[in-house]
Every structure is written in structure tokens, then in C-alpha cells.
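Following this line, the structures themselves.
In what follows, chain A forms one complex with chain B and a second complex with chain C.
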Partner chain A sequence: MKNLLEAQNLKAYYRLVGGTQIKAVDGVTLELRPNEVLGIAGESGCGKSTLAAVVSLTHNPPLNVVDGQVTANGFDLLTLPKEEARREIKGKYISVVPQGAMNALNPTTRIQSFAIDMLREHHPEMTKQEAINLARARLQELSLPERVLTSYPHELSGGMRQRTVIVLSTLLNPRVLIADEPTSALDVSSQKAVIRLLMTLLDEQIISSIAFITHELPLLRQVADRIAIMYAGKLVEVGTMEEIIFQPQHPYTRALMGSMLVPERQVRERRVEGIPGVPPDLKDPPAGCRFHPRCAQRIDWCTQEEPPSKTVGDRTIWCWLMH
Partner chain B sequence: MKSKFARYLLQKFIWYLVAFFLAVSLNFFLPRLIPGNPVKVLVSQMATGGVQSDALARIYDNYMREFGLDQPMHIQFLRYFANLFRGDLGTSFMLYPGKVSNLIREALPWTVALQIPTILIGWIIGNVLGAACAYKGGRFDAIAFTSALAVSNIPYYCLAIILLYALAVHNPVFPVGGGYSFGSYPELSLSFLLDALHHYTLPFVSMIVVAIGGQAIGMREMALYELTTDYVHYSKALGLSDKKVIRYVFRNAMLPQITGLAISFGTMMGGALVTETVFSYPGIGSLLFTAIRQTDYPLIQGCTLIITVAVLLANFLVDIAYGFIDPRIRAAQLGER
Partner chain C sequence: MVLANALNNSKKQRQPLLQVENLTKVFGSGKHEVVAVEDVSFEIYPGEIISLLGESGSGKTTTARMILRLSQPTRGRILFNGRDIQTMKGIDYWRQVQAIFQDPFSSFNSFYSVHSFLSKAFRLKGNHVSKAQQRALMEESMEKVGLNAEELLFKRPHELSGGQRQRLMIARALLISPELLIADEPTSMIDASSRVGILNMLMELSRDLGMSIMFITHDIGLAYYTSDRLLIMNKGRIVERGPSVEVVENPTNEYTRRLLADVPTLSKKWAL
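Showing the complex of A and B:
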């Protein structure tokens, strides 16, 4: 089957006052396949949220796309006129669960008025009652209380608000859901409820695939089919969940796994180590492989030239050690 | 839920009642702190007519008794309260035997007619302008916002004096002052209305320009803030049209502006003092100004009473109205959160 969403050599920079640019996403090629959860992980500031913003067309200046292509549903998203993207793509084909989703609802409208506005925006022929009925049926299907509809956001708990946002985002059965840190800032039981809700959406085929952006690797171990690891605006390794979690090959991925606390047998008795050094300044990233200043295994090549990709099976890796 | 709201109302009402009594007490004591004995002034004005000094002393005693000023302060205070409850605001010293309530009744319509249209129109135009500035941005914003900033920072009396000089003194298009032409009398006729409107223009313009500027700046700031909130980004990400998003934004940005509107209504009675004085407009402001200059206790008390009641009433109404507009405040009122 065809990929649902593809980014080709995508470059998105923040332009600062004075002309400096922060190269937050710098040449990323990644695809989202049908019926999968693609985890996108990396440290804070590695560009994963920027990537999410661009592929969901929610980026605003000073963030600008300087190069590359994003294709979805036969459209070239970055050249698509704004109005057409709004009608054909946003909320309908690609939907989002924004970072801090629990604060993403208008504080002075009831949930149902927002559901009505959203449904009727894309289906003008729908009556208000039909829209409410649709939203109510969806809540029942997902075992969320119906009272959510007549509530104001402040009347719901944080976890409930988060789940409400997910339900609202998927009312139109979008193929792609881009979830940016959907479980951050939630307690463990709310996290579990959110994950279960996302899995139900997939099982019921309400949505087809999720791009799950997070810095919590243990979470991806639970939900992801494939994982992409980002470092300093670039991908370093993409592979299946098992490959990335259990046989990481890129030195950065290995270091990341080494700093992760999971109750796996081989991890349990090992000392947890951090990664020495700090991520580079994306205004002026290091030449060659961006990880080389922190890499214990670097060779001369690493400091001079960017490593090309190497694909074996489902795994793609950007490291000179593999060549 | 209803009884909770009733309790909230009662609580607020008691609160405002206490505030009212405190304010009314201040209204009594503050004028009496002005140095000088108003009756002495009144009597000495008569002395120029060549009246005998013992006759003057009798007139003085008579006035002191008549106005109740011979009594100790606490008795005066209690009398003032008792009269207040009977709706008697007393007799003016200077315009004796004019009743304060009559003087206020004559002045009130002028102030209301000057202030309500100014506040309402200024508020509506100001908010639309501020919202447009925030939404459109760019050149439109640069020009409109800068002008609004400039005019709203002109003190309104200053603008009043400039207008007075330019359009009444130097270039006599409009009359220099008053509510109507000298010699005519307030009545319901076309010629009188036109005459009043002619006198109305300058004070109205001097106030509305400043009002529009101030409201526009407030609204622009609020709308700019709202435009960057999470719900705006989220609504757009789900493909909602700009029209709908703007509707959310302006509704939310309006909330503090409504408080502003009510506060302007509350302070409108005293707010026109300077404008009315500059244009010798026959409203409450001019009346209060004259009363203070002549230490006319009952008249000062009467004017400040009107201002007190207006401010408290406006605040009370805002407290109630806000709950209907903002569900978060309604929840707080009902003690839900």
C-alpha cells in the first residue's frame, strides 16, 4: 500500500531577527505507512516537534520551510493553496493532538459547540443536531462519558480534556494523526487511558496511522511499530521497534537506550549512563556527523563529511561506522 | 444551582450595601474638611448691601439653625442619614432656597445625554478598530494603532481646550459653551434640539476621540494575546475557517472590555467634570465644581451621592453580567470550583 504521508529532504528553519537561522529540521526524509504507529523520538530541541508542525501544516513564521517536499493523499502539501489545504487536509486527512492538548480548547465554549463548528466546517450540509449525535455516538464508542459534550473545558479533569481533544481531533476519521507528546504532563493512569484510547482508534479503523512524537522511549516500546530517532535536526536511525529498542546500531541510539530506565532483563542490572556533552547549537551545527562531538566511536570521517544513509531491511542508519 | 446563585447575589448585595454606607459617610465628612465656614461667606456677601452688624449676626444664627450647622457633628450626621432615607437631599446653601434634588434633576439629563452616547459609541468603534488592528496587522495596524496611542494620551481637557480655541474662539463655528443658547429655554421643539446639538458637538467630539483611542488600544492588546493562544492554533489545525476562529478570539478578548465599559458607565457622572467645566455645560460636573468652590455641603453631598450610586450599581451589574458571559466565572460564583 501507498504511504499515507511522506517527507522528502525536508528543511525547516526558524528565522531570527537579524537573519540568523535555527536549522531545526535539516534534511529529513521519512514516511508514515498505513496501519502503523511511527514513534519519533529524540532529546528536547532535536526538531521533532518542528517536524510535526510542518507535516501537519500548523507551522507559522518565524518557522519557514526552505526546502523539501511533503506529500499526502496525492497532494503536494507545501505548495497546496492554504484554503484548499484547510478544506481537504486539515482535520480531515491529517489531524493533530497538539503539545499541551489539555489547554487547546476554547475556555468559553462548550465542547459540543466546538464539535459542531468543526464538523459543519467540513460538512456544511450537516445540521447541528446531526453533529451532536455524531459526537455523542463517538464518545460512546470510545467509552467516554456523554456529559463531556455539554461541559466547558474547565469542568473536566486534565486527563479527560486530553482525551476529549483526541476524540475531537478524530471526529472526521482522518487517516493520519500526529500526536505531539500526547501523554506528557499526565499522571500514569491518565497516560494509560490516553494510550488505550489511541489504540482503540487504530483498532476501530477510525484512524489509520499515528505519528507519535515523544521523548519517552519506554512508551514507544509499548505502542510503536517503527521508531525514528532524531538528533540535532536530522534522523540518525529509523527501524522497527525491536531493532531500535533491542539492537540499536547508531552510537547515539545506543547511548539513548543506555540512558533509559526499562525493566528489560538485559537493562535491569546495568548501570544507567547519561550521554556526555550537550546537543549542538542549531544556529551553527557541527560539520560532518552532528553527533561527532559527543560520540565515543568517532573516526576521522565523522568530523568532515555528513554520513550517507544505509538501508538494510527495514532499518536505515546514518553513520560512518556502517560504511 | 438557583439557590446558590441567589446566595451569591445576596452576598454581593450585602457587600455593596456596606460599601455604600462607607461611601455615603465619606460624602458627609469630606466636604466638611474643606476649610472655611460657608454660612459666613454667604452672610458676608450680604454685608456689602450695608446691613447692620447685629442684623447680620441674627441672619447668621438663623442660617446656621436653618442648615442645622449649629448642631454637633454627630447629630448632623444622623440627621443627614435620616433625611437621606426620606429622599431629602437638603437645601443648597448658595442657591437658597433651591432644593438639592431639584438642582440635580435639572443637571442629570445633560450629563447623561453627553456621556452615554460618548461611552457607547466610543466603546463600539474603539473595539472594532482595536480588533481590526490585531487581525489585519501590517500597515493598517501601524497607522491606526499609532494614531490611537497618540489621541488616547492627549488629556481630554487638553483636547477640549484645543477644540474650543480652534473651532469656537478662533474660528467660531461652534458656540464657546453652555448647553443651549442664552435666552432660550429647555423645551421639546426642533429649534431647541438643533440648538442643543450645536452646543453638544464640541464636548462630544473632545470626549469620544479619547474614548475611541483608549478602547482600541485595550482591545488590540487583548486580541493579539488571544490570537496566540493554544485554542486558536488547535482550531486552525483542525481546519476551522478564519471566520470562526476570529469569532472565538473576539468573544474572549471582549470579556475584559465589558468590565471597562461598565466602569466607564459608573464613573461617567464624575468623569465629565472637566469637560463640562471647560464648555460650561450645565451637567452634574459643572454643578459639583460650583458646589465645591462655594463649600455648599448639601450640594456636594448630593452630587457625590449620585456618583457613588452609579459606580456601585455599574460594578454590581458587571458582577452579575460577567457570570452569564464567562462560564469560568459562573462556576466561581456558584462555588463549583
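Showing the complex of A and C:
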């Protein structure tokens, strides 16, 4: 089957006053396949949210795409006229739940007006009542209380607001859902409820695939089919969940996995080590492999030339040690 | 593990550093009354690391605020080395109990350099410290937290990363050499790769200086990794307490069990 969404050598930079550029996404090639959860993970500032913004067409200046292609549903998204993108792609083919979406609801209107706006944008002939009925039916289908439609955002808990936002953003059955840190501000019980909802959306084929962006690898172990690890604007390793979580190969992935604190015996019985140093300044990223200043296994090559990719089976890795 | 056992044995002979007795905090009154903390009692022993663990709204931060004397208990009392903290002079108390908070970005005045930020800590020290001594002490405490004083001493907060700022908060606390450090979600805004470094450092400082640490956190992984004992809080009450390994591996309370079941781990996959 065809990929649902593809980024080809995507470069997206933030342009600052004075002309300096922050190379937040710098040459990323990644595909979202049908019926999968693709986890995109990395630390803050690695470019994962920027990537999400570009592929969901929600990027605005000063963030500019300087090179590369994004294709979805037969369209070249980056050259698509705005009007057409809004009609054919946004909300209909790709839906995005940005970071902190649950706090972005209008506090002065009831939740249902969000559903009405969203549905009538794509179906102008629809009456308000029809839109509300549609939203109500969907909430019932997903066993969420109908009362959320007539509630104001502050009357709902954080977890319920987040689930509501997800349900409303998928009312048009988009093929792709891009979820940026959908559970990061939630308690573990609400987090699990959000995950359960996302899995139901997939099982019911309301959506086909999810790009799940998070810094929490233990969470991806629970939900992801494949995981892409980003560092300083570039991919370092992409593979199946099992490959990345249980047999990471890139020194950065290994170090990142090693620094996870989960409540399990093996964590308590050894000293967990972090990664020395900090991620590079993306105004002026280091030459060669961007991880080399913090890498314990670097060789001469790493400081000079960017590592090419190497693919074995489902795993692709960008590291000189693998060549 | 060895440390935890040693502590358990020595606990019987030692005096607790901090005793919290029947602490209750009520906000509002009448119909709007909210009991944020209800009848909470526990103690912290010298050199011990404990975690007060709970989800948002459990009352853990309110408890911490009362221990820090930032908020008055409605009922109950807090003893430090056997003395009721309400009867102590603020400055005397804060010389012995210090805190680091969640947000290392809003804890700093952006106009002050690292040097002037740290030098404010000497106001808490009763005796006079000469400028040269101050400088030496600053350098020493920055070194303890893994910061390069030469490079950073005259930088301003915006030139530092989140991890560096949090280390600096700890360096400031160390200048005062407290007996108890309250760490309220100290690493929740810090990346995984730097987080462990800060926690390891705090654990080493506790061991080397005999400083007690109380983590206030929702992060079970953090609590389990760092702490000798855990106190689990739910709806204002402590529902379970005990050595970390016991609580995590054999939770007896229903709430603790549910909490642990909802935390994503690496070995088990959820049945959704």
C-alpha cells in the first residue's frame, strides 16, 4: 500500500532578524505508512514539533521550508495553493493535535461551537444542528459523555479536554492524525485514557495512522509500531519499536534509552547515566555528525563528514560506526 | 539497597530531622471549603532521601509549601530537630531548609549575573563572609554541581540552558549548606539526557554531605530511582508508605496499584 504521508529531504529553518537561520529540521526523509503508529522522539529542540508543523501545513513565518518535498494523497503539499490545502488536506486528510491543544479551546464558547466551525468549514451546507448531531454520535461511538458538547472548556478536566479535542479533530475521518505531545501535561491515568482513545480511533478505522510525537520513549514502547529518533534537526535512527527500544544501535539512541527512568528493578540496581553536554546550537550546528561532540564512540570521520544512511530491513541508521 | 537497609537499622536510634504531625490544610470556608492536605504525618531522617509522590491535586506541593513555611498549616505541626518551625525565626529555619523548584526559567531575575544571583545567598548566612571568601565558596559550590565557574560566573540567565539553570539553583542551595533540601519536581522541565545527571548529582551530594532530600514529584520512575522511601499521596492523604522497592513491587493500596499499572514501563505492554 502507498504511504500516507512522505517527507523528502525536508529542510525547515526559522529565520531570525538579521538573517541568521535556525536549522530546526535539516534534511529529514521519513514516511508514514498505512495502519501504523509512528513515534517521533527526541529531546526538546531536536526539531520534532517543527517537523510536525510542516507536514501538517500549520507552519508560519518565521519558520520557512527552504528545501524538500512533502507529499500526501497525491498532492505536493508545499506547492499546493492555500485554499486547496484547506479544502482537501487540512482536517480532512491530515488532522493535527498540536502541543497544548487542550488549553487552546476558546474559553468563552461551548465545546460544540468548535465542532460546528470545524464541520461547516468543510461542509458549508451543513446546519448547526446536523453538525452537533454528528459530533454527538461520534462521542457516543467512542463512549465519551455527550455533555462535553454543551460544556465550557473550564468545566472539563485536562484529560477530558484533550480527549474531546482529539475526537473533534477526527470528525472528518482523516487518514492521518499528527499528535504532538498529546499526553505530556496529563496524569498517568488520564494519559492512559488518551492512549486508549487513540487506539480505538485506529481500531474503528476512523483514522488510519498516527504520527505520535513525544519525548517519552516508554510511552512509545506501548503504542508505536515504528519509531524515528531525531537529534539536532536530523534523524539518527528509524526502526521498528522492538529495534529501537530493545536493540538500539545509534550511540544517541542507546544513550537516550539508557537514561530512561522507569519504575523497574533494572533501573534501581544500576547507576543510570545521562548524556554529558547539551545539544548543539542549531544556528551553527557542528560539522559532520551532529551528535559527535557528545558521543563517547566517535571516530575521526564523525567530526568531518555527515554520516550517510544505512538501511537493513526496517531499520535505517545514520552513523559512521555502521559503515 | 544497602543504603536503604542501613538507614532502616539506624533509624531506630537516630532522631528524625523533620517531623510532620497531623498536618492539615484547608482552603476557603463553608461551602467552598477544600481540604488540600488531611492529617498527614511522616518524618525525614538525617541523610535520607524520600519522595512524596502524587498526581496533580494530591496535595503534595501544598505539603511542601507548609514545610517551607510558605504557607500556614490549618492544623498540625512541623518539628525540625525537635523544634516547632513556627516558633523559629524565618532566617534561622531557611539556613537549614532550602528548596529548588520546577521551573528553572522563572526562578531567576534576568538582569542579574550568576555571580550576583549566588552572592545573594550570603545574606542568609549570619556571619560576615569576605568578598574573596565568597568567590571561593561560589566556585566550590558550582564545581560540586558540575558547572564551570570560570566560564559561567558572569553570564546572565538567558545564556544558560535549563539544565545549567537547575544546577545553579542547586549550587545556590548548597552555599547555604542546608540539612534538608526540598526538590519540587526539579527535573520535569529538563530533558531526559540531562535529567539523570542532575539526579545522580543530588544523590551524591546527599551521600557526601549527609543532606536529606525530599522530592515532591509525580514521576514514579524518578522517585523509585532516587529514594530510600516513598510516600504516596492521593486526595490530600498519604495512602501508602514504605521502602521504594517494596512499594513499587508489592503495592498494597488500591490507588498505588492503579497508579503503577498506568505508568508506561519497558518490560510490559499495556493491554488496552
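Following the convention adopted for this analysis, the second predicted complex is superposed on the first by the 314 of 323 C-alpha atoms of A that agree within 3 Å, B and C clash if a C-alpha of one lies under 4 Å from a C-alpha of the other, contacts with A are read in each partner's own complex, and residues count from 1 in each chain.
Going forward, a contact is a pair of C-beta atoms (placed from the backbone, for glycine too) under 8 Å apart; a residue touches a chain by one contact, two chains touch by 3 or more.
Small disclaimer: the values here were computed from a predicted structure and weren't measured.
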Clash or fit (per the criteria above) of chain B with chain C on chain A: fit
Chain B versus chain C as contact partner of A:154, first or second or both or neither: first
Which superposed partner A:90 touches (first chain B, second chain C, both, neither): first
Touching partner for A:80 - first (chain B), second (chain C), both, neither: neither
Touching partner for A:132 - first (chain B), second (chain C), both, neither: neither
Touching partner for A:321 - first (chain B), second (chain C), both, neither: neither
A:65 touches, of chain B and chain C: first, second, both or neither? neither
Least C-alpha distance (whole Å) that remains between chain C and chain B when both complexes are overlaid: 9
Chain A to chain C touching residues, read off their complex: 43-44, 187-189, 191-192, 195-196, 199, 215-219, 221-222, 245, 255-256, 259-265, 267-269, 271-276, 278
For the chain A and chain B complex, residues of the former touching the latter: 56-58, 60, 86-87, 89-92, 95-96, 98, 100-101, 103-110, 114, 117-118, 121-122, 152, 154-155, 165, 168-169
Of chain C, residues touching chain A in the complex: 1, 55-56, 161, 163-164, 191-200, 218-225, 244-245, 248-249, 258-260, 262-267, 269-270, 272
Sites on chain B touched by chain A in the complex: 230-231, 233-241, 244, 248, 251-252, 255, 325-328, 331, 336-337
